[in-house]
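Chain nomenclature is as follows: A, B, C and D, assigned in order of appearance, with residue numbering initiated at 1 for each chain independently.
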Amino acid sequence: MMDIDVEGVEQRVFTGVLPAWDRVEEAVQDAHRRESSATGGTVADYIPALAEADPGLFGVCVVETDGQVHAAGDVEAEFSIQSVSKVLTYALASDAVGHDVIAERIGVNSTGQSFDSVMAIELNGGHTMNPMVNAGAIATTALLPGGNADERWEILHDALSRFAGRRLELDEDVYRSETEHNQRNMAIARLLESYGRLDVDPLEIVDVYTKQCSLRVTARDLAVMGATLADGGVNPVTDQHVVSPEACTATLAVMATSGLYERSGEWLFEIGIPGKSGVSGGILAVVPGKAGIGVYSPPLDDAGNSVRGQRALAYLSRVLGLNLF
Amino acid sequence: MMDIDVEGVEQRVFTGVLPAWDRVEEAVQDAHRRESSATGGTVADYIPALAEADPGLFGVCVVETDGQVHAAGDVEAEFSIQSVSKVLTYALASDAVGHDVIAERIGVNSTGQSFDSVMAIELNGGHTMNPMVNAGAIATTALLPGGNADERWEILHDALSRFAGRRLELDEDVYRSETEHNQRNMAIARLLESYGRLDVDPLEIVDVYTKQCSLRVTARDLAVMGATLADGGVNPVTDQHVVSPEACTATLAVMATSGLYERSGEWLFEIGIPGKSGVSGGILAVVPGKAGIGVYSPPLDDAGNSVRGQRALAYLSRVLGLNLF
Amino acid sequence: MMDIDVEGVEQRVFTGVLPAWDRVEEAVQDAHRRESSATGGTVADYIPALAEADPGLFGVCVVETDGQVHAAGDVEAEFSIQSVSKVLTYALASDAVGHDVIAERIGVNSTGQSFDSVMAIELNGGHTMNPMVNAGAIATTALLPGGNADERWEILHDALSRFAGRRLELDEDVYRSETEHNQRNMAIARLLESYGRLDVDPLEIVDVYTKQCSLRVTARDLAVMGATLADGGVNPVTDQHVVSPEACTATLAVMATSGLYERSGEWLFEIGIPGKSGVSGGILAVVPGKAGIGVYSPPLDDAGNSVRGQRALAYLSRVLGLNLF
Amino acid sequence: MMDIDVEGVEQRVFTGVLPAWDRVEEAVQDAHRRESSATGGTVADYIPALAEADPGLFGVCVVETDGQVHAAGDVEAEFSIQSVSKVLTYALASDAVGHDVIAERIGVNSTGQSFDSVMAIELNGGHTMNPMVNAGAIATTALLPGGNADERWEILHDALSRFAGRRLELDEDVYRSETEHNQRNMAIARLLESYGRLDVDPLEIVDVYTKQCSLRVTARDLAVMGATLADGGVNPVTDQHVVSPEACTATLAVMATSGLYERSGEWLFEIGIPGKSGVSGGILAVVPGKAGIGVYSPPLDDAGNSVRGQRALAYLSRVLGLNLF
C-alpha cells in the first residue's frame, strides 16, 4: 500500500474552483514542512547519474491555471524528467494524429502489469495497451512528426520546452548512461517492429526516447507543464498554445488510468487526480481546469514512486479538495 | 473500440455546476432521440430470463444532486441489476470496514483481464485485484455485516433499496436461472477460500451475491443510486443518508479504475466519468457532486456493455461537459 | 535443480534387457545404502495425517516384468498413494474411452505450470492440458465408467487393487483430512464444469478423486504397479490382465511429458524414464518392457518430490542403464 | 490434434534391436508410398526463399547405427535446416560446457508456450526454459566456443557438417531473407541481454543463429545426423566422433520434452521417440541406439510441422516398433 499519512487531515470536497490564493500558498508550505521529515525510500541507482542525486532535495510547486505560482523548497533543483515525459509526448502525438488514431494505435487500457513488461505485448498480439508503459511510450514517440530521427528530436525538444515555458537542456550524463542500459527498451522496440507496430527504425526511436527521458527539469517545470494540461493546452505562464484541449483531455484520461503503472488504481483511490511519476523522483499531477502540481524528492518506494512526493500530494489533495471523486 | 457517434458534437468543459435545468432536460431528450435508432448489439442469452428482454426498450435518466429528475423513454422498465450492484455493495462494505481495510482486503488496481478471470487471482497469490471483477465483488459481499447468510441478505437488500429510494424486489426467475449457471462464481469462491481470503461459507456467499445481482431496478433507480454516490451518500430524492462521503469517494475511484473491466481505460478516455455496466443492459454513471445517470437498453456489444447506453452517455458527456478531464 | 549425487557413477547404455538378477539385486541394495544417509527435505504437513509420517522410512523396490522382486529397506511401510494414482486412473480411463478420445478430452501436452494451477485452464479455454496436473486428473477420474459416485469408486478401487495385486485399503484419516482441505480441487472442478468439460457432478467427482488419493500402498505396490505398466498391462506377479498395451503406451508417454509437473523436463534429463511422484513421498517409475520401480521416503524437496527417492532413481538409472536416451 | 492415419496399423513393441534389413527397407518404401498422396498443409511463406519450395517433394530416410541406409523419394533434395539445427547446437554446447552448466544456463523444462514466446522469458525472470524454443536456442548458440562471431560460425559450420558427414553449404537467399525478418529474434536476444543472460553481443549472436538456420541439408543428412545422436555421438557413416555420449543423452531428453514446441506431448503420445521439426518441412527423429530418421515434405500443418513427415513417422513408429513406451 502507499505510504501516506493523512490521519486527521480533513478531506475537502472538489468544487469548481481552487480555494483562495493564501489557502493554496499555506497548503503548499504546510505540505513541504510536514513531509520534509518523512524518511524511507531509496534513490534509484541503476545508472550512476541517478544514484548521485541528493536524497535531501525536496520541492513542492503548484501553478494555477491563471498563472499564479506557489513554491516551497527545492523547486529549482534540476533532474532528468524520465517517465514523466511520456505524458507530454502523448499529448503531442494525440494532437498530431488525432483522438481516434491515437486510441487505436497506442491503446488506452490498463495492463495490470509492470512498466517494462513484454508479456502484455504478446498477450495482446503486439498491440501496446497504453502510453504510460514503456512499450506504449516508445510507440507514441514513433508517432511524432519528423522526417528523420534528428528532426523528430528537434520537434520534441521544442515542444517539451514550450510545455515548461523555457528551453530545457539535455542531461548528457544521464543520456549516455541510459543508452548503455537500454537493452530492454531495444527488445521492446524490436518486438513492436516484429508485430508490424512500428513504422520507424527501432534503434533510432529508442534513441529519441532515451533523449526525451534525459531532459533536465525542475519541480516548478513539472507544475507549469501540469498547469498547461489543466488549462486546455495553453501554458498559463507564457500564454503560449502548446497542444489542443482535446489532446489534454485524452492525456489526463490515460494518466488517470495508468499513470502509476500497476499502482494506478491505488493512486486514484488515495489522491484522486491524474498523475505521472518518474524514476528520478519527480511527480507531475494535474487538477483539471485548476492547477498543475510538481513535486521532487529522489527517494523512491518499492514501486518506484517518490516517497515524499506521494505524501505531499495526498496532503494537498485533502486540504485543497482536489480529489475528483 | 467503443461504438459511439459524437461526430460534430462539441465537447463542453467540465465546470463546478451542471448547465441549467432546461439544457439538461433538452440533452436527455436529445440523447434518447438520437440513439433510439442505433442498432447493433445482442441481448444476453446465457439464461432464459435475460434472453426474453425486449431489445427495443430504451430509457435515459439523469437525477441531479438537488433531486431534479430528467427522464426520456422507458425509465420505468424493470430489469435485474446484475453487476451494477457491485458498486453499491462496495460502497456499503467500504462504509462498514473503512477505507484502509477495504483497500487492503479487496484491492483497488486494475487487472487488465476479463470480469470472471481466475488467472488474475492466481497471479496475485489469492489477492483479488479490485471489487468490479467477480472475484473482488464476491469477496466484497463477504465483508458486509450479518451473522449469517439471511441476515447478510436482509441488510444488503435494505441498503440497496435505500440507494434506490424504494423497496427493490428480487426477480425470482433470474435468481433461479443464475443459481443454475453460477459454477464459475462457485469456482472463484472456492479458489478465494483455498487462499484463505474468504471468512465465510463460499456457497452461502455466492448465494447472497446471486441474489444481489437479481434485484429488479429501473433506469430511474440507477440514476437515483448514482446521484446518491454523487451527493456524498445522501439520496437526493428521499434525503436519506445511505453511506458516508468517504465511502462514495472510494467507490467512484474504483469505478473509474475498473468499472468496465478491461475496457475501463477506453470508457474514461471517451466518456470521462465513473461508470458501471451490467449484463442486463443497464449502466450507472456518476458525475461527482452533480448528478447520477441511469440508462437501460438490452442489446450489448461484444464487451457486454449496452450499445445505446454507451452512445447516450458519450453524447451527454460532451453536450453537458461532464468529462472530468 | 534436482539434488542428486551421481559423481563418478558410470552411465550404462540402455539395451533391450535388464542386467542379470544379481546385478539388479546389488544395485537396489546399493541405492538404498548410499541414499539412506541423504538428508534434506521436509515431510508434507498440510494435513496432520501426512505430517505424522516417519521421515526415516526409506524403501526401494524393483519388480521385473518376469515377476522377480528386488527389495531393500521399508518396502512394506504403508502410505497414501496421493498423486501417483493419477497414472493408474489415466491408464484405466484410456482403456475405457480409447486413445483418441482420451487425447482429445484430457490433453497430452505440458502446461509449464504447477500442479494445481487454474491459470492453465483459463489460458486454454477450459481444456485441461494433461492428466498429471490436478485439473486433468479430476477430469480423467470423471471419464471412468460407473453410473454413480459409489459405482465409480468401487470400479476404481478394484482396478487399483488389481494393479497392486492385492486389496488396497482406504486411509480414513487421510481421506477425512483431505476432504477438509480440498477447496482448490473443488474450485478446479467447478471451473471445469463452467467450461462444460465435466459431465458428472463436481462435488461427487472431487470426492472420488480424494478417495483414490487416500488409498494405502507400499513401495513394493508401486513397483508392481509400474511393472504392470512396463509389461503391457499384465500384472507380472499375479498374471492378471489389468489394462491394454495401448493404454500402457499412452500412460507412459504422458508420464514422460508431465509426470513431475514443471520439473518433468529436468527428470527426463537426469533419469530418463517415465516417473510420477506423490506428496506422501512415493515415486513410481517405469522402465518400458523391463521393470517397475517403487521408492518411498517422506522428506520432499521444494518441488514436492521425495529427496531420497529421486537420488535412488538417479543412481539406479545410471548403474542399470535405464535411461531411454 | 495431429493429422495421422494409422488405422489398422499394428503397433509393434519396442525391443533392443531394429527388425531385419528387409523389414526396415520395406517399411521405409511403404511409408513413402502411403503418404505420398496425403494432401493438406501449406508451405511456409514468410520469406520468398521458403515459399518457392516445391510442395510435391517428399523424402524418407532411415540410417541405422551400423551405417545402413534406407531411402525412398526425394532424399537428396536440399532445403534450409531451420529449427532442426537447434538440436545439433545443443549437443555441441552440451559437450562444450558440460551436463550441469547446460542444464543451469539453458533450462530443460517445457514452456507450454509457442516457439517465439517472450512471455515465458519474463515469467521466469530471464531464464530460458529449454533450448528448443528460440530464446533458449539463441542462448545455446551463445555458449559455443569461439573468440568472435566469425570463429563461432566457423566452428559451428564445421561441426554441423561433421554431423551430416559432408560439407554443408549456406543458403545465401534464405540467410538474406531471414536477416530481414529477424526482428523478433533480435527482441529476444535484447531481452536476454537485459536480464544478464547473454555474455556475447546480441546482434552478432542473432546473426550466427540465422546462419545456422540457413544451412542446406537433405532428408538423408537429417537421418545421418539423427543416427549420430542415436549412436552416442559417432557418425555411423563416416565413423567420425562428433560429440560425447553424454551430450547425446542430454540432447535426446530435451528433444523428447520440447522438440515440437507446445505439441511435444502430443508427438510423444503418438510417435514416442525424440523428434525435432523445422519450418522448411524437415523432421529429424532419433531411435536411441538404433537409427536416425530424416523426412522432408514442405507443406506444414497449423503448428508448423510437416504433414507428410508426421504421418510417415507415425507409420514407421508403429510398424517398426520404435515407440519407446
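The rule we apply is simple: a residue touches a chain if its C-beta (ideal position, glycine included) is under 8 Å from a C-beta of that chain, and two chains touch if they have at least 3 such contacts.
Only a predicted model underlies this, so the values are computations on that prediction, with no experimental measurement involved.
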item	value
Equivalent interface to A-D, taken from C-D, B-C or A-B so that over half of the residue contact pairs match	B-C
Chain centre separation (subunit C, subunit D; CA means) in Å	31
Separation of mean Cα positions, subunit C and subunit A [Å, integer]	55
Centre distance in Å when subunit B and subunit C are each reduced to the mean of their C-alpha atoms	49
Where subunit A touches two or more other chains at once, by residue number	none
Topology of the chain contact graph, where touching chains are joined (line, ring, star, complete, other)	ring
Subunit C residues touching subunit D - in the complex, by the definition given at the top	1, 11, 13-17, 100, 103-104, 107-113, 120, 129-130, 232, 245-246, 248-250, 252-254, 256-258, 262-266, 268-269, 272, 274, 288-289, 323-325
Residues of subunit D touching subunit A in the complex	117-119, 121-123, 183-184, 186-191, 193-194, 202
